[in-house]
Structure formats: C-alpha cells, structure tokens
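The data blocks that follow each hold one structure.
Common to both upcoming complexes is chain A, partnered first by chain B, then by chain C.
On to the complex of A and B.
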C-alpha cells in the first residue's frame, strides 16, 4: 500500500465531513490516520466505498413527532405491536417506542478504543443507542429495534446497541432498518451471551435505494450459549453487514444465516468471521443471494478454529442465483483450522434458474413471472426456513414477496 | 370440427453444441375432438420432442409447419397460455422442484389456469376437497401432497403425480409421454382409469407408448407409427398389436 493511496483517502469529502463532526472523540485520531476502508485493505477488496466518498454527510436533525409517526407507518406498515425502540435519524423517539423492563437508551457515551474501521467511525460519531441487560433465567420475549432515516441532504447515523444476556436468559431481537433519501447508516450491535443463554437476532435491512448501510455485529458466546441470526438484505445502494462472533465456552452455538436479494445497481456484502475458541461448539451458516439487473453481491465467510477447539462442528454454505447476465457475485469462503479433530464443511454454488423447472411450471399454466417467483422462493427456502420464530419468518417472507411484486411492475 | 388438433408439416430442430440438429422432419397429424390417438415408435424418433414442441418448450426451434389447436395458432402461444387453452403434457421424466410444496404448486397451477379461463379461483377448502377426491381415485397418499414436487418420488409416484395434475387442470387435449413406463400392472390400471374417466366429446389425448399393454386399457381410436421425425404409418388399434408382434422393421422398410 503506498502512502499516496492513504493520503488520497483522507482527502475524500465524506471523510472530511466525518472528521469535522467527530469533535473531541477518542476515536478521532484513529479515524484520522486510518480513514475510511478502501479496496487496498484485503477485507474490503470486493466492496468499494467510492459511491459515497464525494458526499458531505451532515449531522442529522430530529424529525417532529407527527412526521416521525408517518415515516414509521409508511416504511414499516407491517410492524406489529410489542416492545420496541424506535430511532429516527439516530434520535430516540420515546412516543413511538414501548420499552420493556431492563431496556435503557443512552444518548451519548464514551466508548473504549476501537480498531475496526466500521466501529471506529461509529465511535467517532456515535450518539449511543440501546442497552439491554436480560437478567439470569429470564425470557425477555421479543424486542424490535427500528432505525429509520429521512434525509433531504446526506446525513449519517451511528447507533450503538449493547445487549447482554445473563446465564440462561433468552431474547429474540428484531432489527429493522428503513428510510428515504440519501444517508449512511452505520450501526454497531454487540451481544454478550452468557452461559446457556440464547439470543435470536433477525435483521431486516430495507434501507432506501440511495442509502449506504455499514453495519457491524459482534458476539461473544459462553458455554452452551446460542447466537442465532438471520439477516435479510433488501435495500441500500451499498450495504455491508459484517459479523464477528466467537464461541468461548464448551458447546456454544453460532448461526449466521442470511439472504441478500439485490436488484438495480445495488451492492451488498456479507462478511463474517466465526471463531471457534472452545471445544465442542457448533457453527452454521447458510447464505443465499438472489441477484438481478446489474447488482453485485459479496460473501466473505471465514471460519476460524483455534487449536483448543477440538470437536468443532462447522458448516457453511453460500449460494447465488443470478437472474441476469450482468448480475455478479464474489464469494470468498475461508477455513482456518488449527485443531486436528474437527468436522468442517463448506460449499458454494452459483447458478441461474433452471430452464426445465421453469418450463414445467409454465406448462401447468403458471405465468412466467409467477413461475420464477416460485423458484426463487424455493431457492431462498433453505435459508428462510432457518428462522426459528414462525411469526418473524412469515413477516420476512412477505417482504420477499413484496420485493418480487416490485420487480414485476 | 375436424381440425381440433392439426399438425401440418412440422419441422423442429435443437441446438446440439452449436450445430442445428433436425428432429421433427415434416410431421403431419390430426386428432379430432373427443378422440384418443396413440403414437408408437423407436427410441429417438422424436416422440418426446413432439410433445415438448406442442407444450411450448422453447429449446426446440420450429423451422417449418404449423399447429392449429381449437381454432388457434398453437405455436404462437406461450406455454402457460397453451395450458390455459387446454393443452396438458404428462412428462416422460417429470422434473423435481426442491423447496416447492406439491399442494401449493398444484393449487397455484389450478388457479392460474382458472383465472385465465375466466373461472373463479378455488379457495383452500374447495381445492383440498377436489384434490383429496382425485388422490383417492389415483390411490395416492395425501402425504404426497405435503412433499416437494416430485422430490424423492418413485418413478411410479411421479407418473401418478402427472396424472393428478392432468385431472386437476381439466385439459381438452392431453399428451401422455410414456406415462406407463415404470408402472406395475396395478398402477397402470389406476393411471388408465384416470385417463379413461376423462374421455368424452370434449377430451382428446395423444398417448405415446412403447407397449401394447397400455393400449389394452386405454383403447385408442387410431395408432400412428413414428420414425425419424415423421408419422410413417397410421391405422386402427390393430397396428399396435402388429407392432407388438412384429416390431417396427416392416414399417421402417416400407418408409425407407
């Protein structure tokens, strides 16, 4: 990497706008020296932030209550009642929220040193977020964290949520992102899963067509704990969902499942690093990509098995369905195994819709577009079916159907 | 109306690794309304190709000829339009659809066809009632409806599933491409009954088979012998018996 390349990066308008806003944040020096991630960094080889570099991201301003309510109704009309925390342009909206016991929202908080470019940016500009501690043995049920944006000129939000589950605690977290206009959403979500605790994390990313979504999720799972996640990526001009999750005690479980469904010129990147740092742990990952038009998907999935992690059971599958000639995927599965008694399998497939299957459906009177929808849904099935919560599964199903209906019109 | 299904001078080819490979070479065939015809012919003579071309599979390029169906230009229609118009193909090798539930598939198909025909869609209850009656008639377990389409079905189960679809879609013209192969004698009877009970003035069929046996159960009005992409001989049901006894040689020589 030449120093010239770095110097150039610090000159981008986007970075300048962030640096100006970062004030006296402890993360400022790192942000200043490292800049925004760029393709010279191996982990960002397939995802370029070029599309946002010339934008000037201003500090967001809060929306009035009535407007915020309407935004919520328009963007997430299907949101069911129940415990939820709603943010609009990064601001907590108490009147739209319903906080269960144990949930607090912090406004601004000093964060400890960060090193990952996405968490550095988040720390430099962050406005806090949800803190949820689920006490020992408590099943906290469902909680939705809804992050909406409404931007007339480019803004950016940097929420940080910290979720801790005491031993034996349980939680289903639904994370929803949606918005209108041009904005950058840069959420950081941390899970601390204690012994025998279990968190199910379902994320819907339905940000606007002209938005940027750079998310970072980190999880630490203790003995017999479970972090089970599913991310549905439907929106954003450019999106990256990056996960780092480590199993640190015996018999831990980590599931990082996802579907990326992309049209137009969207670019979506799912990058994960799953670390087996203790023996007898299980990790599962099924990632499906449906890509049409000139969209571009990226999958980078690394499974690390430390020397101590004997009897690891790891599974990873990444599949892409390309619905147009210009659709693209870059897939980079990586296994890094230092233990000798492990079972790890992984695979990747790339294909188009099967003509014979399509013809079979059509010969039964099913019009072409409906036949394609059936096959796409079948393709996504193995992944969507991994969502344990039936209500959430059909909720996401409906979102996929709506995406398809939009393609037809 | 005598040109209910009228195939004239049909030529079709397939792209075989970049080279056009002619398969149908001027095929003429007429099937009047209400009749069942059979086609017999050696492997590779183009029987399945004919059935695909009639159903609208676009890998096959029609280079000449025409197909009139019920007053319409069949070749100008998309596969789903043909199904709505009443054409049904029971595939020689039905494809598997992993992840697609058989009952949902069937209901989607039935309602697509009903919609296109200007009929009311069946709701879940009405559909279930109809499909249960049909599975019973075909000696199929309801469990097969819960499985994915043709996935893990035995050869015989796949063929029954084709006949089930045919009955649910109420076609005017059905093509059965070797629906008898892989069936034991009991299954053959059940399948034949599934076809025979549809017979009437508004139902015609083209039965492609290698075996006289099927034609004992589904008695054809006429039997055609096909070779090298053409019909080389046509006659009454006795043709099937002659073929069974003497093989194709006599007809092939006569046509050569």
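On to the complex of A and C.
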C-alpha cells in the first residue's frame, strides 16, 4: 500500500560523503545507482533515513589505546572476561581483545556482489571484520564482538563478520554495540550453520542517542541446524535490525526473538524474513515492543514457505505496549506460503498496560511504579525466555531494569 | 490423505466448462468507437445528457488520470492493459417499454433464466409490473445490463418511503444537489489510478439516498453483467444514509465467457451519518478464465465507506469466487465517535486465478470499533493474498480492532499470503490480529469420516464450516447463491 510517490533522493549529503569514500569498490556502481533506501521502497515504508541524510559522514580515525580502554570501561562496564574481539571506530583493538583459536580479524578485502541496500553500503565502505570457523563437533563456548564508536563529528563504520560452524559445532555469539557522539554503524553479520550445528546469537544495541544503526544479519541453516537469536534494542536515534534466515535442510530450527525498548524520539525498526526452503523445519518468532515518550517502533516480519517446504511449522508473535500518548507502532506481520501441508500462524496485539492487572497489583499494596515494572518485565518475558544461560539472562535483565529506572527518575 | 488427493484431482479436472454462466446475449448495441481521450469523456457525458458540472468533474478526473502511473505494488501480475483498445460506452438500443413478459426481448429473458432469476423477478427486471399483492419477497432490483440500467423496479414503493433508488445517471439529472454534495467525497477523483479512470468514464451504476430516520423497507440489489465484447465496465455506486437511516444493499455479478481479458474498475462510495447503518453485500462471480489462465475479468475496484456521524455503522460482506484477478479493499473511514466498521470476506481462487483483497479500517474518532474476518481458500495454481490496513489515529481513544485471517490451501501448487499493516498512534487503542494458514486437518477429516460421512461430504462440511463466520453475515437471498458458488468453484471438494 505504499504510494511510491516519495521521490528517490540520490543527491543527499550523506550519500555523497559515502560515494566519495567508496574509492574503487566493486559495490560503488550499485551504491551510486540505487542510493540509500527511501520510503518509496516497500521494505522501507515505515522507516525514513531523512534524519541522517544531511550529515557528512567522514572516515573514522582510530582512538588511542588509553582512550579506547576508558571508552570500553564507560560504555560496557559489565562486560565479563572471556574471549572477545573489540573494535573502536571500526578499528580492531588487539590490546582490548582476547581471541580464541580459529578467530581471525581481516582488514579490507574484496566482497562478492551485494544487492541489499545495507550490504551494498557495507561492501562499498567496509574494512573487514571477524572471521570465525568453528571446527566439526567443537563447542566454542562464548565469543563477544564489541563495536564501540566515539565521534566528535559524524563518522561511519561498516564492519563485516562471517561466522561458519562445521557440522555439529556450537557457539554463543554476543554482539554489543555502544558509543558516544554522532555516528552511523552499519554492520553485516553472516552465519553459515552446517548440519546439526547450533548457534546462539545475542545482540545488545545500546548506541548513543544521536547515532544511527543499520544492521543486516543473514543466516543459512543446514539440516538439523539451529539459529537462535535474541536482539535487545535500546539505543540509537534511528535503528534498523534486519535479519534474514533460511532453513535449507530438513529439520532446521530458527528462533528470531527481539525486544525493542524505546524512549525519547527514537525510531527502531526490526525487519525479518524467515525462509522455509526445506521440509520439516520449525521457526518461532516473538518480538516485543515497549514504547514510551515520542518513540516509534516498527516491526516487519515475514515467514516465507517455499513450494518444497511441506510440514513446515511457523509461528510469529508481535506485541506492542504503548506507554505514552505520543508513542507509535507500525507492524506488518506477513505470511507468504506456497506449500499446503503447513501450520503457519501469526498474531499481533497493540495496546496500553491492562488497567485490571495494574489494579490487581495495586490492591495488594504494590506501588504503581513497581506494579508497572512487574507488568513490563512479564510482557518482555516471552521474548527473553529463549536465553537459558543464567549469566547472560541476568546481564540482559539488568539492562532492561536500568532502562526502567531511567524512566522513573 | 486420500480425500485430499481426491479433492485435488477433482479440482484439477474442473475446466472452464463448469462456468455455467458463460454465455453472451445477442442484443443490438449502441457502441462508441474504441479509444480513450477527452472526446470519449465528452461523448459519454453527452450521450447521458449530463449537466455541464458533471462533464467538468469527469474531465478533471481524466486529466488527473493522465498524470497518474498504474500501480505495481500488488501481488497479482497481468499483461499491460491497453486503455486505448477498448470501448468505453455500450448501450442496448432503446425500445418502448414492455407491457408483459411476452414483449420482452427473449434474449434478455434467456440471460436471466441462465442466471437463475425467479420468473416474477425476471418480470420485474424486464420492467413488467408484478401482479398486485404478489410481493412475497420484496427485493428491489436495479439491473445493470452492460452500461445502462435497463429497468428499475419497486421504485414507487421506495419513493413512498422517501428512499431514492435509481441509476446514477438519473440521479445526476434529477437530484444534482445530492450527487454534487456526495459524489467523490469518499473516493476523490484522483484517489488512485483506477478510481480516476472510473470517475472519467463511468457510464452507470446505482444511487441510493435514504433520508433521516427511514429504514429502507426492502433489500436493494443490483445485478451487474458484462455483456458486449471489449467493453470495460465502469460502475459508480453512491449510497447515502442520513441520520438514523438504514439500508441493506446486495450486489451480484456474473459475466459471460470470452477470451479477451476485460477490465472492471468500479467505484463504490458509502456515506453514513449519525446512527445510520449501511450493509453492503457482494457475491462476485465474473468469468475467471479457463484452466490455463486465458481470459477472465480483471476486477479492480475501489470501495470505501465513510462513517461520518456518531454511532454510524458500515458493514462490507463479500464472497469472491470469480474473476481472473480480484483486486480490491472495501474500506471504512471511522470518523464519527462510536462508529463501527465491519468486513467479512470469503475469497476462493482456483486454476490460475489471482486475488489480492482485504480491507482498510481507518480509526479517526474515539470509541470506534472494527472487525475483520477474512477467509481465503486457494486451489489449483492460484494465488490469494489478504492485504489489510488497520490504522489508529491519535484521536482514536479507546478504539478497538479485531482481525482474523484464515487461509486454507488445497493442493501443493497454490499460494496463500497474508499482508496486514497495523499502525497505532494512540495508547488507549487496542488492536488484535491473528492469522493462520493450513490445509484441511486430518483430525477433522477423520472425525467426520468416523461418523459415517463420505470423504467428499467431509471436505464439503469442513470448507463450509471454515467460511461460516462470513456466510452467516450475508442476507438470506445471497447466502444460498454464495453457497452454490462456493460449491461450483471448488467442485469435487464440496461433494
């Protein structure tokens, strides 16, 4: 139902700054002809990049070691020790990192043809990123990829990580984004999950209030493989987390859960496309939005079932809690189904906190603020319950609690 | 799953021959030359003896249309339409009004007969007065035979109640103040590509005006038929209910078989004031094309209702079984406080049919409510999409929406898609949406079979049950026809 009447803007200052920096990249012609995504494109119907179009995004410069260390301490004070790769302004920081076996960090490298606007931008300006190959049958435990930015004038970073799991391998990947100042973070993350391998991807996006976050995640899951993910979006002036995941072998499993908890003037967009390309696969998706002030949440979720994917079981739930008069939600849960022997459903609800539930708690002597906190936490529970690791779960819970505490004060 | 296999086989064997309403009436026609330009618009306006303001209105629409691009965001695909390669005006040659059925053009009567219209209704349709006292089933029919309403029945009974029910071309001449006030007020001339085209070249349609406090004494009904070769049909319907008035309007469509694709771009506008209620029911059975997707009607329609007054109510019910492509979103603009919008839909596609249909519920006022129940059945190589919008605007305090979309797939070569858009700008508004896609459940089949039903009957029962929530919303006269159509469209699966 998009009108298509919104003109394509190719001459924006932001795009010019990207084109200037793209040099001889193979992705330059596409970036030049397609420009940045705009609302005339159906997939960008609800998210406009206008807020960043007038900015001039410069090449980032590395931060000194001492400053970088302090930045990490300030922005992610609760980061536990363990295998991790830290980037500051897009530059790998060996002194802050601790690389497990199998992890390499590549600088610039040629990227094969890209077509998605976010991956095109990434390919045109990218500086590489993490490559991790988990060998057959190995449980690689946890790995954290931390991307920090500190900008005095607008900069942009375009990291590209590629994670491959050999048959039967396992990994928990923790992806953390935070920063200060005005910057654009445009990460691309790809997972290749082989037979019976399993990856758990937990992402925290706590970028600065004046930053822009345009992320693209892609997963390919083979027979009996599993991709489980949970994304917590708290930061950014404008954010989009786009995930595409395809099950290409029998009995694949995919979870794409997320919580977008938004205050101020934030705009956050979660767009997903889950493709059932083989029979007997399961997908589950639970996305929760808690929106207050004048924030705006967007959810676009598509379940695609190809002709071959009989016995598909797909379920998607998207819910939004509006906590203020000016809060907004746009939701587009989509089913595209070409196989008949399937069980697919989705649900969506939008509303305020339930007065009766509040009353119930109040009548038991719980102060209003606390009662609301209980209800919000319970609301988010369905999405967070995917995180069974206690340490990780309490780490995420603490972030949610801190957000709530900020609202109350 | 033998029953499903059987069903699939049955569906596959269903050829174009089963379209029993595929016939063409041979009546002398008055046809305008092919092509579309300002002169065509002027010619239509002149032939219909329209006042100058109407011509200006049409020209404004035509000029808007010329500047517009044909939309391309929809799911259905079709070869480009050559708008110059069609007649925009076709009219049966005038004859003096018949006194009895014997005087009516026998071709016309045969058409009605094949449509299954009862004899006394045929007489009414053909303009013969019904015998006195024989008004068992008062249904007023405004029969649209190609572009011109051949006859309007029960006009007098309605006039006594104060209801105006007439072809829109008569209304333009006889009630210009009402037409000028409301025409284009819900669907503006430049609203979309096909609505602009319709505004420029519409030839006929129905006009209904129910004055303050009047409950329309009978169901109103129109039969649309596309008859002449290469004529696009551009119907324009306008229904207005003043404060406290109510009306139930029935629209039924069948079309003769032919090879060229035909465009049907109608516009329907509904206006409901304080406490008014409009119920609009459609059974759509245009020719769907043959099993290879040749021929068939393109049904690209703009239907929209505005609840302008407090507690107004607009209810759309549709059973869509025909057309090569069905592309429409009957919508409600819920402006009046406490107004109610409803949408009940069954869409059946088979062979190579494509459907992209749904609704838009725009909640502007406080305490507005809307309900959407959409049932989609896909078979053969068809594709069916539910596309809908629910929008809660900032002033829609305590507004409420409930949406349920269910799809049933028969066979592994078809597709069913659900594309809802849900937008909320008010925290007190509540929206609930749910959608499911499945095939006929083995459990349900087994249950029915274990109680002695044949597999065919069991499938029939389940499909009927699947659509029940919608079919029960139809007026009695249409419920029967709708069930017949369902059976015909999915012959084999319904026994």
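Quick note on the criterion: the second predicted complex is superposed on the first by the 401 of 409 C-alpha atoms of A that agree within 3 Å, B and C clash if a C-alpha of one lies under 4 Å from a C-alpha of the other, contacts with A are read in each partner's own complex, and residues count from 1 in each chain.
Keep this in mind: a residue touches a chain if its C-beta (ideal position, glycine included) is under 8 Å from a C-beta of that chain, and two chains touch if they have at least 3 such contacts.
The structure displayed is predicted, hence computed values, not measured ones.
When the two complexes are overlaid on their common chain A, residue A:344 makes contact with chain C while staying clear of chain B. Within the superposed three-chain model, A:333 lies in touch with chain C and out of touch with chain B [touch as defined at top]. In the superposed model, A:357 makes contact with chain B only, not with chain C. In the superposition on chain A, A:382 contacts chain B only, with no contact to chain C. With both structures placed on the common chain, the touch criterion links A:366 to chain B but leaves chain C unconnected. With both structures placed on the common chain, the touch criterion links A:310 to chain C but leaves chain B unconnected.
Legend: residue contacts after superposition of the two complexes on their common chain; A:374 is shown touching chain B, with no touch to chain C. More residues of chain A lie in touch with C than with the remaining chain of the pair chain B and chain C. Comparing the two interfaces of chain A, the one with chain B and the one with chain C have no residue in common.
On chain A, the positions that touch chain B within their shared complex are 354-357, 359-368, 370-371, 374-375, 377-379, 381-382. Residue ranges of chain C in contact with chain A, taken from their complex: 69, 71-73, 360, 387, 389, 392, 394, 407, 409-439. Interface residues of chain B facing chain A in the complex, by the touch rule stated above, are 55-59, 78-80, 82-84, 88-89, 91, 94-95, 97-100, 105, 108-109, 112-113, 116, 165, 169. Of all residues in chain A, only 1-2, 4, 42, 307, 310, 320, 322-325, 327-352 touch chain C in the complex they form.
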